[in-house]
Amino acid sequence: MARFVLSLHSAPSDHDTTQRLYKFALACLAQGHAIDAIFLYQHGVFHASEHINLATDELAIKSLWQQLHQHNINLMLCVTAAEKRGLNLATTGVFSVAGLAEFAMLASEADKWVQFK
Amino acid sequence: MSTLHIFSKPISYYDNARLVNLIQPQDKVLLVSDACYSINLYRQLAASLLVLAEDASARGIDIVKPDECQNYADFVALTLSTSQSITW
Amino acid sequence: MINVLVLSQHAPFDDMHIRDALDMTLIFAAIEQNISWLFTGPAVLALKKGQEAESLGLKNYFKSIKTLEIYDVENIYVCEKSLIDYNLDINDLIIEAKALDFKAQRDLITQQQQVINL
Amino acid sequence: MARFVLSLHSAPSDHDTTQRLYKFALACLAQGHAIDAIFLYQHGVFHASEHINLATDELAIKSLWQQLHQHNINLMLCVTAAEKRGLNLATTGVFSVAGLAEFAMLASEADKWVQFK
Amino acid sequence: MSTLHIFSKPISYYDNARLVNLIQPQDKVLLVSDACYSINLYRQLAASLLVLAEDASARGIDIVKPDECQNYADFVALTLSTSQSITW
Amino acid sequence: MINVLVLSQHAPFDDMHIRDALDMTLIFAAIEQNISWLFTGPAVLALKKGQEAESLGLKNYFKSIKTLEIYDVENIYVCEKSLIDYNLDINDLIIEAKALDFKAQRDLITQQQQVINL
C-alpha cells in the first residue's frame, strides 16, 4: 500500500482533466492505496466555487467531488492561490481551506505526488 | 531508476527540442488526453509509448505495437514502478 | 454586414477553447454577419471523424459542431498544412470544410473587419 | 472618432494583461474615441468576482474596473462563459451580465475589436 | 491593406513555422508583455518590430533601430491605421 | 527529509506561474525539505537583472525571488541552453544560480522524490 497526494492545476472548464483526476483517484483506492490529499492549486482553486451548475449532458463536476469526499479523501484548497483569484472562501463546500505548508507536509510524507493539468 | 513523463497535449504545445534532452532511454512516456493525437510525433521521445486507452479511444485513435495501451490501474502502477513522475 | 473571422488554434479538449469559438461563430451567424471559422494547428483535430466524448463522461461537443450546417454557417476553413501535420484529409472531417494554403489564409484574413483568436 | 470594443480573455491572476487593457482603454478615451463595451470572455469572467481583495503592493484590479465604470464604459460579462466556470451571477459588481448576442451586436457595429489575453 | 499582429509571449509559445506564413510584408508586428524578451527571435516575422515601450522598459529591454518604441497612444493609432488586428 | 524539485517553464509575467513556483519553493524550504528550483525555457528570464514591475503598477516579485537567499534556498538551477537562447549569462541573474547542461538536469531529476511542474 502506497500513500498518494494529487494536485489539480486547471480550472473547472477543463472537464477532461477533471474526469482524469477523478478516475485516477478511484483507481488508487481500488488498488488499496491511500490518498492523503487532493490539493487545488493555481486555476484549480475555482473548483471550490459553489456556483458550478452545469447542464445534465456535461461532466457532473460537483458530484465527482462529492464522491471523492465520501471516500474520506481530504480535499484541500490553497488559501493563497484562492485569494489571489477572487474565490469566496466563506463557502467552499467539500473543500477545506488550507495553507501551502499543510499540503507540503502531506506531500513530504507521501510516496507519490501526481499532478493533473 | 526511471522517470514517468506524462503528456496531455499535442507535442507542438511543448518545447520538444529541450524535452528530448531530458528523457532517458529507461524512462516511461505516458500520453493522455490530447497528447494521444500525435503519437507519431512523440516517437522522438521514446521507442515505445504508453497511451491511456480510454483517452485514445474517445478520440478515435488506435494503439498499435510498439505502443502499449494503459488503463487507470496501469497508470497508478506506473507511478509506483518509476522513481518520480513529471506532468509536463 | 461585416466579415468576422474566428480563429481556433487549440487542441480539442484544451479547456473550452473550441467550444467558446463554436459559441462565438454561431452567435455571429445568428445576428446575420458574414462569419468564417478557421481551424489551424491542433484545432483541426476538433473536426476529425470517429470521436465521441461521452465515454469519458464529457459532453459530446463534436455533435454541436455539426449544427453549423443547420445554421447555414458555410465558411468553415482548415489549414492545409495542419491537416498534413496530423495525417488528416478533408474527407476525414465531420463537416464540409475548405482546406486553405497559407496564401489563401492570408487573403482570408485581409478580407475581415474583425479577427477573433479564441 | 472611432468606436472600439475590447475583450478580456485571461483570469484576474494575469495582472499584466489587466493593466494593459486598462491603459489601452484610457488611451482610447484620451484620443476622443468611444469604447462601446469591454467584454469578459473565457477566463476573463473571473474578474467579476466580488472577492478579489489583493494586498496593497499588488495591482489594484477592483479600482481599475471602478475607474473604467466611472468613464461610463459598458462592462459586460458573458453569461454562458460565467456559468460554465462557476461564477456567482448574483453579485457581479460593476459588470452587467450579458448574452453573447448582445456583445456580438456591439462588436458588429464597432470599428475595431481588440482582444487582450 | 495591412494587419496588426499583437504578440504577448516569447516566440517559443507560438507555432512560428506556421505564423511566419500568415504575416505579410506590409503587416505590422507589435510586441507587448513577455514578447519583448525575444525581439531578436521575432525578427523572422518582420524587418522592423514595434515594441510597447513601457513593457520593454519594465523588463530591462532596450529598443534599438530598426525597431520602434510605441506608447499607448501609438498602440491605439496602430489599431486604426491597420485594417484588422490579431491578438495571437 | 525528501528531495523536491520545482520546475518552472513559463515566461515571467505569464499569469502567476513563477510566483506560484516561488511560494511552493519557499514553503518546502520552511518545512525543511531538500528543495531545488530549476528554471528552463523562458522561465530563466524571471532571474534577469534590471527588471522592475512597479512601473507597470504590478508587484515587483523579482524582489521576492531574492528572499530565497535569506531563507537559505541554495539549490537554484538554470538550464544552460535556455540562458543561451535568451542571450543571458549566469552573471546577468539577480541571484546565484548554477547553470546545468542537459546531462546535469537529467541527473537532478533522477535524484528527486517529487518533481512539481508549475
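Each chain carries a letter (A, B, C, D, E and F) given by its place in the written order, and its residues are counted from 1.
FYI, contacts are C-beta pairs under 8 Å (C-beta built on N, C-alpha and C of every residue); 3 or more make two chains touch, one makes a residue touch a chain.
For clarity, every value in this text was computed on a predicted model and none was experimentally measured.
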item: Shared chain contacts [chain B and chain F, defined touch]; value: A
item: Shared interface partners, meaning chains that touch chain A and chain D; value: C, F
item: Remotest chain, chain E as reference, centres from CA atoms; value: A
item: Chain whose average C-alpha position is farthest from chain B's own; value: D
item: Top-ranked pair of chains - ranking by C-beta pairs in contact; value: A-D
item: Rotation in the CA alignment of chain B with chain E, degrees, nearest 5; value: 180
item: Inter-chain centre distance, chain D versus chain E - centres from mean C-alpha coordinates, in Å; value: 23
item: Distance between the centres, which are taken as Cα means, of chain E and chain B, whole angstrom; value: 35
item: Chain B and chain D, separation of their C-alpha mean positions in angstrom; value: 39
item: Per-residue multi-chain contacts in chain F, two or more chains; value: 13-16, 41, 56, 58, 114, 117
item: Sequence positions of chain B contacting 2 or more other chains; value: 12, 15, 33-34, 54-55, 85, 87
item: Residues within chain D bordering two or more other chains; value: 11, 13, 16, 84, 112, 115
item: Chain contact graph, described as a line, ring, star, complete graph or other shape; value: other
item: All touching chain pairs, where touch follows the definition stated at the start; value: A-B, A-C, A-D, A-F, B-C, B-F, C-D, C-E, D-E, D-F, E-F
item: Parts of chain A lying in touch with chain D, wherever the complex brings them together; value: 11-13, 43, 46-47, 49-54, 83-89
item: For the chain E and chain C complex, residues of the former touching the latter; value: 1, 3, 15, 18, 21-22, 24, 83-88
item: Chain F to chain B touching residues, read off their complex; value: 7, 9, 40-41, 79, 81-82, 102, 105-106, 109-110, 112-115, 117
item: Contact footprint of chain B on chain A as seen in their complex; value: 2, 4, 16-17, 20, 23-24, 26-28, 30-31, 33, 111-112, 114-117
item: Touching residues (chain side chain D, partner chain C) in the complex; value: 7, 9, 41-42, 80-81, 84, 100-101, 104-105, 107-108, 112-113, 115
